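Labels run A, B, C and D following the written order; every chain starts at residue 1.
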Amino acid sequence: MNFFQSDNNSGVHPNILEGINNANEGIAAPYGNDDITKKAIEKISEVFGQDVDVYFVSTGTAANIIGLAGLLKPFEAVVCTDTGHINVEECGALQVFSGARILYTPNSSGKITKEDIKPFLSSIGNEHESQPKVIYISQTTEEGTIYTVEEIKELADFAHENNMYLHVDGARIANAVVALDSTFKEMITDTGVDLLSFGGTKNGMMMGEAIISFNKEISKNFKFYRKQGMQLLSKMRYTSSQFIPYLENDLWRENAKKANDMGQYLLEKLTKIPGIKVMDNMETNMVFAHIDEELTKEMKDRYGYELLDEEKNIARFVTSFDTTKEEVDELIHAIEAI
Amino acid sequence: MNFFQSDNNSGVHPNILEGINNANEGIAAPYGNDDITKKAIEKISEVFGQDVDVYFVSTGTAANIIGLAGLLKPFEAVVCTDTGHINVEECGALQVFSGARILYTPNSSGKITKEDIKPFLSSIGNEHESQPKVIYISQTTEEGTIYTVEEIKELADFAHENNMYLHVDGARIANAVVALDSTFKEMITDTGVDLLSFGGTKNGMMMGEAIISFNKEISKNFKFYRKQGMQLLSKMRYTSSQFIPYLENDLWRENAKKANDMGQYLLEKLTKIPGIKVMDNMETNMVFAHIDEELTKEMKDRYGYELLDEEKNIARFVTSFDTTKEEVDELIHAIEAI
Amino acid sequence: MNFFQSDNNSGVHPNILEGINNANEGIAAPYGNDDITKKAIEKISEVFGQDVDVYFVSTGTAANIIGLAGLLKPFEAVVCTDTGHINVEECGALQVFSGARILYTPNSSGKITKEDIKPFLSSIGNEHESQPKVIYISQTTEEGTIYTVEEIKELADFAHENNMYLHVDGARIANAVVALDSTFKEMITDTGVDLLSFGGTKNGMMMGEAIISFNKEISKNFKFYRKQGMQLLSKMRYTSSQFIPYLENDLWRENAKKANDMGQYLLEKLTKIPGIKVMDNMETNMVFAHIDEELTKEMKDRYGYELLDEEKNIARFVTSFDTTKEEVDELIHAIEAI
Amino acid sequence: MNFFQSDNNSGVHPNILEGINNANEGIAAPYGNDDITKKAIEKISEVFGQDVDVYFVSTGTAANIIGLAGLLKPFEAVVCTDTGHINVEECGALQVFSGARILYTPNSSGKITKEDIKPFLSSIGNEHESQPKVIYISQTTEEGTIYTVEEIKELADFAHENNMYLHVDGARIANAVVALDSTFKEMITDTGVDLLSFGGTKNGMMMGEAIISFNKEISKNFKFYRKQGMQLLSKMRYTSSQFIPYLENDLWRENAKKANDMGQYLLEKLTKIPGIKVMDNMETNMVFAHIDEELTKEMKDRYGYELLDEEKNIARFVTSFDTTKEEVDELIHAIEAI
């Protein structure tokens, strides 16, 4: 039974797999100097409406950390929420690779505001304290909420006013764009984001992650950071090629829409079950719910269900591009049966 | 006028300076292989009631960071309060030197409890998250409060039960020992502390800091960490020699008592001034007080007083071994004059 | 025209690609907790004749650096030749990720001997110097030469006698095993190698690299190093699945044999061309040759040939599993035409 | 008996000690914001003939590594000789603190030339290789030789032509200036050196080391690097105050001249002893000599003499500002007695 543990559990969309298979033609220059990689970069530039700098890597962690390391000196810091992915899920990768530190604040539904960041600004110039230099947000957030386009613009403006950068972790950026009926250009390029981790793996790719820089000055040394970050793929065409079908014919949008629709369908169904209290503001493919202790116990006993945050009895359900109504229904029936 | 900014503003106690002058006799083996350094280590072992490992360094930051780096692998973490010195005052030195990270919790009057640490234990074994390995406390805390001997023992026991270490930042350890009428042995050795940053600079030394390990197994490689940490002093005798007069005839106790007494005298006086609200629990040489905004403004205008945390209107006053009643009275009069 | 720049220029062998396509079945646990990854690890254990620890990653750099970081404390060092891949081709990745350093020696035909390493042993225990802890060799070496099985055993024994480890960079291990008509077990497991970077990308895989530990005690924390090294692939099955067809039916051997055979064919042909002096001891798929300056110039003008190390007029030619006799002949004719 | 092991074995010159004692007057702003530190910086600027940036630290390792870390990004490298102090005597401090690496070349009498550095320039722009960014030299070198003023200028020019910096490790800079009858200004400021580790400890100070930057743009963030490097001394006046008597009345020159004179006296005497072959080019306070194996053995047996590099039978003798003719004669007689 599909327990909706993560959108990482899904396989690869057939069009993406076809793209990879098609890339397997003859010899090609290694390390990204091939035509497929060039084409993928052009495609990304087109979709974002700007001639951007692109660095393909194989994990979301690498996209985040290598990009941030390129922006941060060791005595500087990135500011994010306590729930930020770089703060809780990356095993200190930023610290070891860059020497820089993370300053974290409590979150408001997974989001950070200017007011949360301001207290850190008093450190500027004081050599006893790490210097805040980058604001990090996730879109979609780890709590399943979304920043509006205006909120992103406000954070970008605030960053620039204070000689800082705005970095967006877009592991689930497609789901947010779809939920807000926006575009990559409108949400990222036009708001003034400096750096984006453009994630595709959770939306149907195999290992498709890209660091996108909207300011070539800040990324002029990124090729060295990627290599030193152990992420310069020799046969890069097999990673970059995934972005071509992903961006052509809006496959990204189609996949994210399917995932979001199933998320909303699941949310609706869960809401009706007694003993389950669905949390607010879920607009994408992630649903969080408080689950009655008894119910949790039964789920474990009957199905070996393990995903729940047992301490707080909160479960996270994530739908994906390939989630079916039948799978959702099966989960709902299993819960109802208890 | 003395504004009681810090106990770092004071000079060196005459006995300590005499010790340094006396060390200046002929040639001596460098890098700590001299007789004075050996004697200082014996003296420390005597006072702590155990044959301890000792590494002299020149700053409190170095004592903390080199010691912690020796305990932590890069994927591990130290847990402390948000106000911990390593968290707010060391410019990310731990991160760059060890690769490890800091996990911080809200504090209760500057202190951390078992309950604050427990949530981090759920990360153990999960490769996505830094592994908690060391508990860091300051004694005296940055808020001027003190852990009781029992509280330290409780934290040490909790650390060891969870395969962790307890590290004590003792930049102001003497003031705490005096305030509790305890001893170094009772407070540190007997409670099971693993590692101590034994600070003397704030209590009358020139640059007297020592890393003391109570477990030779954990510190067997510390000499390499000190050298790599750029702190292997070539003419070490001039640092180590300071500890001999400091520990002989209980100079450390005499100095700390003077500082504490003056702190309590200042506290009493401040309490009586309208517009000033002294914060609770100050038992050593640090006094924190909310100060009326008007009063602050006047102090600034008349005396150029700059120390206050303007945002919260909280002032920190620190007395020292050489603080005089006259200096306190002068400050009080200046405030009353307004 | 194929200029034999690298075995990274080749595509993916059809059987490997089929393996990847077959992995695309339904949902699977992420981060290596899937059945395909388990099967790949079993397959590797079988081939190496030991229940080994395996960590899949996406680049050879990551395999080398994450493995070495797991063995090295920051004050320790890895010893290798000046031509070692970690020394010249990894942009300081070891230094930034582990803090440890590289000590390099002149090489003898790309190889290192006990005699080269001995001078570094005098540093042991001296805190002024990095402590030698790992010997690193490449098999096949960067110069195209091969260590005999006896030479590897001798280095492993020497390492263990001196409380060090032997690490083998096996980016082209298959070519060496084939050239010596040996097996992975005989060459690596039985000689006492501690850690192997088991490379498949250069022998027909897409991004198939694995860290293999022959001593579970040394690798007990490797899962944290891999995650912190930004290499924990979420959909790991697409990487691990490549190893199954690679090891089944000895595809690895077949591929390496083809590459080696073409290498030897190319070597033979090159030897006969005046103005080209082929370097000795090439037994695998890499051929090095001094090329006459005039000839080089002509090659550049006519074919845009760029591979040559212009300073020394040495060219490296690398054949691959998919190199054809026709391609070699075409290159030879092009050279002869000049 | 004085075995001339190092100039670190000496004590502190009385004038320096007096300077420290004089600094012990009342309270003073900590962390270098005191008047004594300001005066010391002015004094240094005066001697070097330029308004320089100065950062006091407590060890020579710290001066070198913090300065270099301020110049280097993690993917960059410093080029030096194999015998360079940062390469052999600093336990990998540069690597762990900056992430950058060291590229070393064979030396010519302890020195490096443009020709030695040129081969590394081919790495520029190649993301697989660390980018050479700083040239490091020691003056006096670890072999006891001296760069002429012209040689330093040539290296500085070469560095700047190639977008690199020249860093001088001046642990024994005073001895070189005296030997060449030059000045700090002529040798360092006027030749275009970018960064100097200005060492005083080996020439009569207690712990007197300063990072001097001749280009305020490159050092604008150095205060953060010093703090993060654990070297921001709280009672800095006791370190900075040493530089005032050192530079006033040319005490530095007097001390270095005494040391050099004794070095040359020792050299003369040693030259006449059969079985000892003094190495060329020793013009300062360091003398290197091949010593007959028999003689070495006798010295060990009779005097417990341990300093010799036993492998090569090379002994280093270092004289100091407080070395007396009697001490030299005593050593010579001891040798002759054998």
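By our rule, a contact is a pair of C-beta atoms (placed from the backbone, for glycine too) under 8 Å apart; a residue touches a chain by one contact, two chains touch by 3 or more.
All of these numbers come straight from a predicted model, not from anything done at the bench.
Just to note, of A-D and C-D, the chains joined by more C-beta pairs in contact are C-D. The chain with its Cα centre farthest from the Cα centre of chain B is C. Work out the mean CA point of chain A and of chain D, and you get 50 Å between them. For this pair, chain B with chain D, the centres built from the Cα atoms lie 33 Å apart. Measuring from the averaged C-alpha position of chain C to that of chain D gives a distance of 41 Å.
Residues of chain D found to touch two or more other chains are 31, 74-75, 90-92, 96, 99, 127-128, 224, 227-228, 232.
On the side of chain B, the complex with chain C involves touching residues 31, 69, 73-75, 98-99, 127-128, 131, 221, 223-228, 232.
Listing the residues of chain B that touch chain A in their complex gives 74-77, 88-92, 95-96, 99-102, 119, 122, 127-130, 311. If you check the complex, the residues on chain B that touch chain D are 2, 5-6, 8-12, 17, 20-21, 23-31, 57-62, 65-66, 90-93, 96-97, 201-202, 206-207, 224, 227-235, 238-239, 322.
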